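In what follows, structures are represented as structure tokens.
Shared between the two complexes below is chain A, which has chain B as its partner in the first and chain C in the second.
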Partner chain A sequence: MLRKRLIGVVTVRKGWAVQSFGYRRYLPLGRPECLVENLDRWGADEILVQVIDRSSRNLGPDFDLLMRLGKLGLETPLIYGGGITSADHAVQVIQSGADRISIDQILHNSPCEVRRMALRLGAQALIAAVPIRFCDTTWLRHDYMKRQCFPFDDELPALFQDRVVSELMLIDWQNEGNITEFKPEQLARLPFTEVPVIMFGGFTKPSLTRRFLDHPKVAAVAVGNLFSYREHAYQDYKRVVGSVSLRPPTYYG
Partner chain B sequence: MSRIKVGLIDYGAGNLASIGHVLQDAGFRVRISSNYHRLDECDVLMLPGVGAFPPAMMKLRSTGLYDYLRDAAHDDKAIIGICLGMQLLVQESLEQGYTPGLGILPGRVLPLGEKRWHIGWNTVECIGEDRALRSTQGECFYFNHSFHVVDAGSCVIAEARLPQPVTAAIRSNRVAGLQFHPEKSQCVGIRLLQMLIKDIANA
Partner chain C sequence: MKFCKRCLYSTSHPLGLVLDEEGICSGCRVHEEKDSLDWSERWSKLESIVAPYRNTDGRNYDCIVPVSGSNDSYYIVYLVKERLGLNPLLVTYNRYFNTPLGIRNLANLRIRFNCDILYQNINPESVKRIVRSTLQRFGSIYWPILAGQSVFPVQTAVRFKVPLIIWGAHQGLEQVGMFSHLHEVEMTRRYRKDHDLMGFEADDLLSVFDTLNETDIWQYRYPTDTELCSVGVRGIYLGNYVRWDPKAQHEKMIDLYDYGSSSFGRTFDTYDHVDCFNYMDLHDQLKLFKHGYSRVTDHATREIRHGRLTRSQGLSLVRRFEQEKPLHLDQICQWLGIQRRSLDFMINQHRNPIYWHSNEPGEWSFHGWSTHHPDFNLEDTKSSQATTFMATASRELGSCNSYITIGKGWPC
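Let's turn to the complex of A and B:
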């Protein structure tokens, strides 16, 4: 039986792993490699490293970080997001150690380039990361560069329809670091059909995480801040979530 | 007794450093190369792969590794393909149109169909008596693919379920393929790699 996933997230800003609050306030945590190594050791289902200031600073992907992560010999699937603006970037990120990539701005700025990525890497390597708000009865996507919300156009649904991107990560950017205000019932309002969804942003309550994991559209829930301060934080959270759709937690050593 | 040397084939379509580290931690000597002479010195060849079938086959042909691998298989060299690497071992693929594969093992690569993606941890059920797969019967491994191998006949040694059966592993004598990523499947994946590489090297 295919299991759903609990993804451990490491947020990186200015080269440091940070605890993020709504992408507005940050507390330093330390070297990203240390947090990634913890998640690997704790048997996370996947690890997402999101480098949140690469696109806004026009720096491209953080290949130095990827090289350092590559030296760790990770035995856990790694997703990288941050600064990917071309198919060449995407290929280089995969060859540098990531197993999948998470993309945001390029989905809307250059969907043709996303299609080129899929031709070279396969759609299973691509995750569409979309910061999002639920307003009245409608989902709006948030463009963090323009600092505005927009309704969905036809481009993103077309990328899923055409098997260019495999999963959609919905980010409750306003409540990230807090408690999400999303509800599973709202997923019925998404302008996409048959798209596996990853939920991220404010999933601190195990009961809410379990409710989302029980939803047929949801393939994974991603959690960040909770896992930064205690040994076995990941496994303990998985145990408390108690969802039968997840792999059981594993305690090594 | 000298350690088994694994030759990781570098054809520009994979995360070689990562799998190299994992193999070293598992106790193997590792050589990453596209040079035939260096690969000949290895006990087991490993064909990794992340990406799409047609560009990967194009790289194998342009580097001369297409002929090298077919000759190596003919000469009974031990070869293990991982994920896309497993798919490249079979006869053909319909990903992005028709592309012939290495043809070392029977089978075709087709889209998954209604379940478009197979992403995540899934239970692998061993079919038959392969010792390495039997040792990890019923364990979960990490999958990440949208095309799968069909028509591999008696070479299929393991399946996963979506719920329809999906070929998880194939093997004929000293050539094997794993659709999942053992190098990303944590302890159970490393254990399987250790058993499979030792088994196939000594077969």
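Let's turn to the complex of A and C:
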């Protein structure tokens, strides 16, 4: 059985790595490649680079950034998300050095294009990123372009049933950078089954991360801002989480 | 390029700056915390953080404190020794561009506070080779100083097994609001590489196209994660727990401990950087060339945020000082072993075309930050109380204006 993962997230906006708070307020951090290199040195299980302003500005994927990341010689699997609107984009992103891609808007705007991506790259390379709210007893997905929440239609569950995407990343977008209000028990109400889940957004408390990692549906938890505040923040966080399902923290050169 | 509506910073700031929907920058927003946080509660938090690091058997130091002959060194040691009651080991990196006043201030610091101190002197030939390389490659004469000042305390912490390093204020937090005070950001290798060293660690300087080699740069290498973890090295910033106000702090240190200050040609602030002939000279001019603004803008922005200057007063001061010519170019040419024409050629390579237009060979017109503000009612600042900074001495202290490359002390 595979170990679960703690993913380090680097959020990029206008070319800068930023701390994000609810995707509404941002504080600068620095060069994205410096943050990625740092997470790599810390032995992160996986690194997610999410470039959050490419789709809204119709810019396509940030290939310049991917080229700079490619030169780092990373040992850590890299997930790239941002601006991917076609299967060709997805292939180019993988060719540029990413190991997997994270997609959001295209899941709903063009699910057939997602199927084309899976045919070319394989489902293992695709992660469905879904900003989400839990309202009463129902999960609603948040469309950040339309700034509205919608119930799930049949398309997304079909993508999972047909094994077109490998994992589902649930993003607590409202509490991102704060403390998530999600509870593990709420995962039972997801309209999809059989799909491993990555939790992201507001996982500042190691105890909460531990509870989610103990849930059988959860394959990984992703954390962003917190890993920029002190040295070895990633390893210390892992140690405090204390979950045997995670790879032990490491200290290399 | 957009400007904050409150201070003088723009979104082109090299540390990164974001504006909120009201047009106020992240630096100003984080500065607001200085007037809303409970600082006595923050001080109690600091005391609880340092408590486990107190040495119980008296056989080792409680902490490492990086110091120099200027900036906030006096206030940091005052807080550590007098207020927290810790036993620090002071460490200082020799920058070679030392002024007599800086040597005097450093000697006065260790004597008045009665502290042990370690000096690091990297062999000057290697330093000169590095400076020639970094000046040419990315327009910096300060890389060895920034690298040495930021790594020597960490190396000392590992060697002496003293895990706690206490710094003053976090530059990213104070200037651009990179972190909230409540994030309690600590020292990281990532920040050092990304911002202090402009993206270049020691090994990144080695290249087949350069003359630098291993023997020149090995002293600037950061300890490994294994070494840091084995000692538990941790660097905290007092600015997260103390309401940081450099002007007020320096004036207190002048009053209590005879800190020496001096005036500069390129800024109104007389308290920072008095220990270096080049920081507020060529180094500051290079900042203007590359980034379109210089240190006087940092000083003015700081004073605006503290409510001691209006925005128009700040802009007046910036426009008065930022184009002043450096005074010590001949000294650095002599030290580096290069001709003045070579220096001029190299530094002109780094004029950012966004901010500098060449009208004729050797003639430049400036279009930096200060030229983008409207000419609103600029105020006369000469008689303003808000700009009163004391100059208690001169950097040369009546002697010659050559670098004191190795300062053995100062009779006090």
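Operating definition for what follows: the second predicted complex is superposed on the first by the 252 of 253 C-alpha atoms of A that agree within 3 Å, B and C clash if a C-alpha of one lies under 4 Å from a C-alpha of the other, contacts with A are read in each partner's own complex, and residues count from 1 in each chain.
What we mean here is this: a contact is a pair of C-beta atoms (placed from the backbone, for glycine too) under 8 Å apart; a residue touches a chain by one contact, two chains touch by 3 or more.
Because the structure is predicted, anything quoted here is derived from the model rather than measured.
K.L.:
So, on chain A, is it clash or fit between chain B and chain C?
P.N.:
These partners fit in the superposed model.
K.L.:
Now for A:61: first (chain B), second (chain C), both, or neither, which partner does it touch?
P.N.:
neither
K.L.:
With the two structures laid over each other on chain A, which partner does A:94 touch: chain B (first), chain C (second), both, or neither?
P.N.:
first
K.L.:
Who contacts more of chain A, chain B or chain C?
P.N.:
After superposing on chain A, more of chain A is contacted by B.
K.L.:
Quick one: is A:83 in contact with chain B, with chain C, with both, or with neither? Answer first, second, both or neither.
P.N.:
The answer is neither, since A:83 touches no partner chain.
K.L.:
Output check: A:34 vs chain B and chain C. Expected answer is one of first, second, both, neither. What do you get?
P.N.:
A:34 sits against chain C, while chain B stays out of touch.
K.L.:
In the superposed arrangement, which partner chain does A:25 touch: chain B (first), chain C (second), both, or neither?
P.N.:
A:25 contacts chain C only, not chain B.
K.L.:
After the superposition on A, what does A:251 contact: first (chain B), second (chain C), both or neither?
P.N.:
second
K.L.:
Applying the touch criterion given at the start, work out whether A:231 contacts chain B, chain C, both or neither, answering first, second, both or neither.
P.N.:
Once the two structures are laid over each other on A, A:231 reaches chain C alone.
K.L.:
On the overlay, how many Å separate the closest CA atoms of chain B and chain C?
P.N.:
Minimum over all C-alpha pairs: 14 Å.
K.L.:
Is there a shared patch on chain A that both chain B and chain C touch, and which residues make it up?
P.N.:
252
K.L.:
In the complex of these two chains, what residues of chain B are touching chain A?
P.N.:
So the residues of chain B in touch with chain A come to 12, 14-18, 21-22, 24-25, 50-52, 55, 84, 95-96, 116-123, 140, 142-147, 160-163, 181, 183-187, 189-190.
K.L.:
Can you check the complex and tell me which residues of chain A touch chain B?
P.N.:
1-5, 43, 45, 70-77, 91, 94-100, 118-125, 163, 166-167, 194, 196, 219-220, 247, 250, 252
K.L.:
Give the list of chain C residues in touch with chain A in this complex.
P.N.:
15-18, 20, 26, 172, 176-180, 183-191, 193-195, 199, 224-226, 228-229, 233-235
K.L.:
Please output the residues of chain A touching chain C within their complex, sorted ascending.
P.N.:
Touch residues, chain A against chain C: 16, 18-19, 25-31, 34-35, 37-38, 41-42, 228-232, 235, 251-253.
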